[in-house]
Amino acid sequence: MDSQHYNSQELMVVNAARLLKDHDVVFVGVGIPNLACNLAMRTHAPHLQMIYEAGVIGAQPARLPLSIGDPSLVTGATAVCSMYDIFSLYLQRGNVDVGFLGGAQIDQFGNINATVIGDYDHPKVRLPGSGGAMEIAAWANRCYIITPHQKRRFPARVDFHTSIGFLTGGDARASTGVRGGGPQAVVTDLGVLKPDQHGELVLAAMHPGVTYDVVAEHTGWPLKKAPDCQVTEPPTAEELRILRDELDPQRIYI
Amino acid sequence: MDSQHYNSQELMVVNAARLLKDHDVVFVGVGIPNLACNLAMRTHAPHLQMIYEAGVIGAQPARLPLSIGDPSLVTGATAVCSMYDIFSLYLQRGNVDVGFLGGAQIDQFGNINATVIGDYDHPKVRLPGSGGAMEIAAWANRCYIITPHQKRRFPARVDFHTSIGFLTGGDARASTGVRGGGPQAVVTDLGVLKPDQHGELVLAAMHPGVTYDVVAEHTGWPLKKAPDCQVTEPPTAEELRILRDELDPQRIYI
Amino acid sequence: MTKLVSLPDAIRTHLHDGDLLYASGFTHLIPFAAAHEIIRQGITGLTLARATPDLIYDQMVAAGCARKLIFSYMGNPGVGSLRRLRAAIESGELAWEEYSHFGMISRLRAGASGLPFMPMKPTGAEDLASKNPQYRQVSDPYTGERVVVVPPLTPDVAIIHVQRADVQGNAQVWGILGEQQLAAFASQRVILTVEEIVDEAVIRSDPNRTVIPGMVVDAVCHVPYCAHPSYTQGYYDRDNDFYLAWDEISKTQESVQAYLDEWVYGLPDRQAYWEKLGPEVHERLQAGERLSQPVNYGEY
Amino acid sequence: MTKLVSLPDAIRTHLHDGDLLYASGFTHLIPFAAAHEIIRQGITGLTLARATPDLIYDQMVAAGCARKLIFSYMGNPGVGSLRRLRAAIESGELAWEEYSHFGMISRLRAGASGLPFMPMKPTGAEDLASKNPQYRQVSDPYTGERVVVVPPLTPDVAIIHVQRADVQGNAQVWGILGEQQLAAFASQRVILTVEEIVDEAVIRSDPNRTVIPGMVVDAVCHVPYCAHPSYTQGYYDRDNDFYLAWDEISKTQESVQAYLDEWVYGLPDRQAYWEKLGPEVHERLQAGERLSQPVNYGEY
């Protein structure tokens, strides 16, 4: 166990986990968000509840799930429902506290593009598309984004609004009538961005050893620094132990 | 076994059963319609399928059900679904061939009142109301009504449209956009009424020994006689045996 | 984290005078014990919503709990009329709001789904819509045709009886499902009455059987025989004799009062009620055994 | 009345060139054997609808079966891209119509329910709606607010894999339910592929487990291991290795063609496919036993 050293993935998982609260109901995918939830459950949020867009509630998978529809999610879960019901009774009804989002592009106002690079009708790069992201971004009470910090991933404006953050800022999001609070944090391998009062993503925290200049250089808009910009606490030995020994011993995602 | 003698209830059950076809999917209540379906299944329509508004499909009750939600309907059924699903996936989707209807008043155009006698807001007699009748009358492919023939039950116009037949006749029903064909027959203890090409209920058949004058006297509008008005075949010994010995040996409904 | 509380405590905590209550169950799993507790606690001014008011609301209205009824079929199923409700409506004492079954259930579907309305195909029967302004219309943007819509129903409290649940409120139901799930998701607060409290492992052995997840449940009350005179599939039968008897009892307010005095006010709880019914009734309502064949979820 | 036929006969009878097909299953129960049979029969011009096209439609598009795709998430779940679909869209060879998951499933819900549309709360993300005229809006008649709607999806044919069914097509599903039920009710014709044909008595022992009633089913095909490389809960595991391998295979049309030659055109049916996978794969995909605890329906 080397708790002085940790990689980017571990850093993102640990910082994402710390954003989760006990009793949160989390709409979770596979990979990093799944690890973050499981880490939170084993540390400060034992009553966190995970639900999957495949319609699984209260999963207790005996192995690390490799797809959101893994059979190990179902065996031993507390409930399974249809896809229509998970989106309507849970997400649209307002029963989801936290959603995780990702995408090829995240812009200055937390809008996400997971659909297309270039023109929609004549795509340069065709990406997978929304899946449930359009609804999660709108209807979960809070959203978090976890992504490596690269300039091409952080353009000033996305090519396509697969799911919305704060649109053009100000009251633009609220005026659409969506119920959720939008993206509350973007966790990267350099630090954490959070929306300011206008919905613009600003640098809220840097990981140990990272400088503002480095983050700004990897961001596609003139990145503001929050007045109370912090340095994140490094992953603890216990967090790393749980992650490495219990959650992903085969190092599939970390 | 006395097949020369039969009562009004038996006569109505037998004549209703004969209207059902093999492979019909029937939305069925308790009592007389339930007996008619079971009689049809044991005679000419072995593949008839019964579904109940409580959400039960393919029931094989070990006893005569006394309510549409009887537990004996569920044990041994092929499927059970929620109330929303039985009305949407089955009835509204067009998966129901036959619906049975009843009510305090049936008028000249097959409209039914099961809601109120007198003014709706200040009712003289408050009746149970629609239940599923409003939708069954509109969306089942064919509807049948079984009722004793009494003048007060057959007014020229109903006080309230709980469910529609042909409204004011002509293309009035079609213009509402409902998908089903409306009431195809009213089976009474005197005979059978059927809609003519204008949707007006006319005398299509009389039971043995019944005269036109008697039926007209018990009907609240000037009852026309169909050009091909028949006399119904009396219940057969076999029909009565099944009904009396197998279906309702305790004579609850007959 | 257990949500297990006594039924009196659950009612006291979650149901208040003037609330909109949905006591769920379509002929099956009707939570009579909860209604009796509400009557005992003297809660008043309720708006009572149910597709089929059944005897449960006939009793609550007779006991003075309600000011308004929302319903779609006001009959004593298989017997006839609900006499106390009918009298209260005919005399003008009770306000009401009326739907067809599908209209009523569509309101719950909208409420449970967080939707602003649910559409329905037209039925051509417009008299009810003309009396109930909650029925509205929109134009189908694909064809221009009229579509009937109803708004969400979001009760303050749902009371839902289920066969088995764990102490966190993960609840499994079989037999007639009625509107159990939709009522739970539509409502602000959910009280579960449970025939049998089981270990979480029983629930987790068959997650597809779970109809209501604990996350929407506020209180779990262990109340065996809660549903009598209705029934709990696999636990006890419907008491058809009582449904017939109620037709007599409910003929006058006086005989109903005598019934309430003896069977509700005169008893502390459902256990006393069940004992008072006596061995002959217990025997008559026994459900035999007819087990489901298991399915394999797989060990992965 | 049995509806049992061979899979080739069912496809030949019910699926025609140019049809709109919905091969159902959300990561679970994806009917790969049916897709392979469609490819072998050389059916073309299909519109392929699925929330998640998955490998099944990547293969069918590569084999030339399709002219159009209707979808909501075009990824190789847990792996990355669907390379053949992506190439066909980027090159302009394949038409497409795109939704979010909820939009897609709401289309099926409307189709299955006989509704002219389904409403959804707004999401604020309007770029997709601006590119897909099937997304429309109506005004909420209660609040005046905008509501997004989608029209019914009513496929010509649905192919649905289930764990167990009787010969009349009464089908039971457990584990992830996805859109199995809605696809069946939405479609004009339904082909069921079944892991295990069981006696009607097994179905009747647990009617609440029945997801699709025989009355909407046209053909019942007994096809064990139909879902590989996806899975059938309780029967065999998801073949994650193959999902990873496909990422390599699908890099060029040539390597896909070689795959199709060996595993689809070169084999008569699913039994031969399963045998060809060999004992090592069989062993790796075994599902252990974890049985549901029974419930009592009661003998009444």
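In order of appearance the chains are A, B, C and D, and numbering begins at 1 in each one.
Operating definition for what follows: a residue touches a chain if its C-beta (ideal position, glycine included) is under 8 Å from a C-beta of that chain, and two chains touch if they have at least 3 such contacts.
Nothing here was measured: the structure is a model prediction, and the numbers come from that model.
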item: Intersection of the contact lists for subunit B and subunit D; value: C
item: Of all other chains, the one whose Cα centre sits farthest from subunit D; value: B
item: Mean-CA-position distance for subunit D and subunit A (Å); value: 29
item: Rounded Å distance, subunit A centre to subunit B centre (Cα mean); value: 58
item: For subunit A paired with subunit C, centre-to-centre distance based on mean C-alpha positions, whole Å; value: 40
item: Two or more partner chains touched - positions in subunit A; value: 56, 70-71, 74-76, 80, 88, 92, 139, 179
item: Sites on subunit C at which at least two other chains make contact; value: 114-115, 120-121, 145, 174-175, 177, 181, 208, 233, 237, 287, 290, 297-300
item: Set of all touching chain pairs, with the criterion as stated earlier; value: A-C, A-D, B-C, B-D, C-D
item: In the complex, subunit C residues that touch subunit B; value: 26-28, 51-52, 71-75, 77-78, 81-82, 86, 89-90, 92, 98-103, 105-106, 108-109, 120-128, 131, 145-146, 174-182, 231, 233, 237-238, 240, 243, 287, 290
item: Residues on subunit A engaged by subunit C in the complex (per definition of touch); value: 25, 47, 49, 56-58, 60-63, 70-72, 74-80, 88-89, 92-95, 139, 179
item: Residues on subunit A engaged by subunit D in the complex (per definition of touch); value: 30-31, 53-56, 66-71, 74-76, 80-84, 87-88, 91-92, 115, 120-126, 128-135, 137-139, 160-164, 167, 173, 176-179
item: Complex interface listing, subunit C residues touching subunit D; value: 114-121, 136-143, 145, 147, 149, 151, 163-164, 172, 174-175, 177, 202, 205-206, 208-209, 233-235, 237, 287-300
item: Contact footprint of subunit B on subunit D as seen in their complex; value: 1, 112-115, 170, 181, 185, 200, 203-204, 207-208, 210, 213-216, 297-300
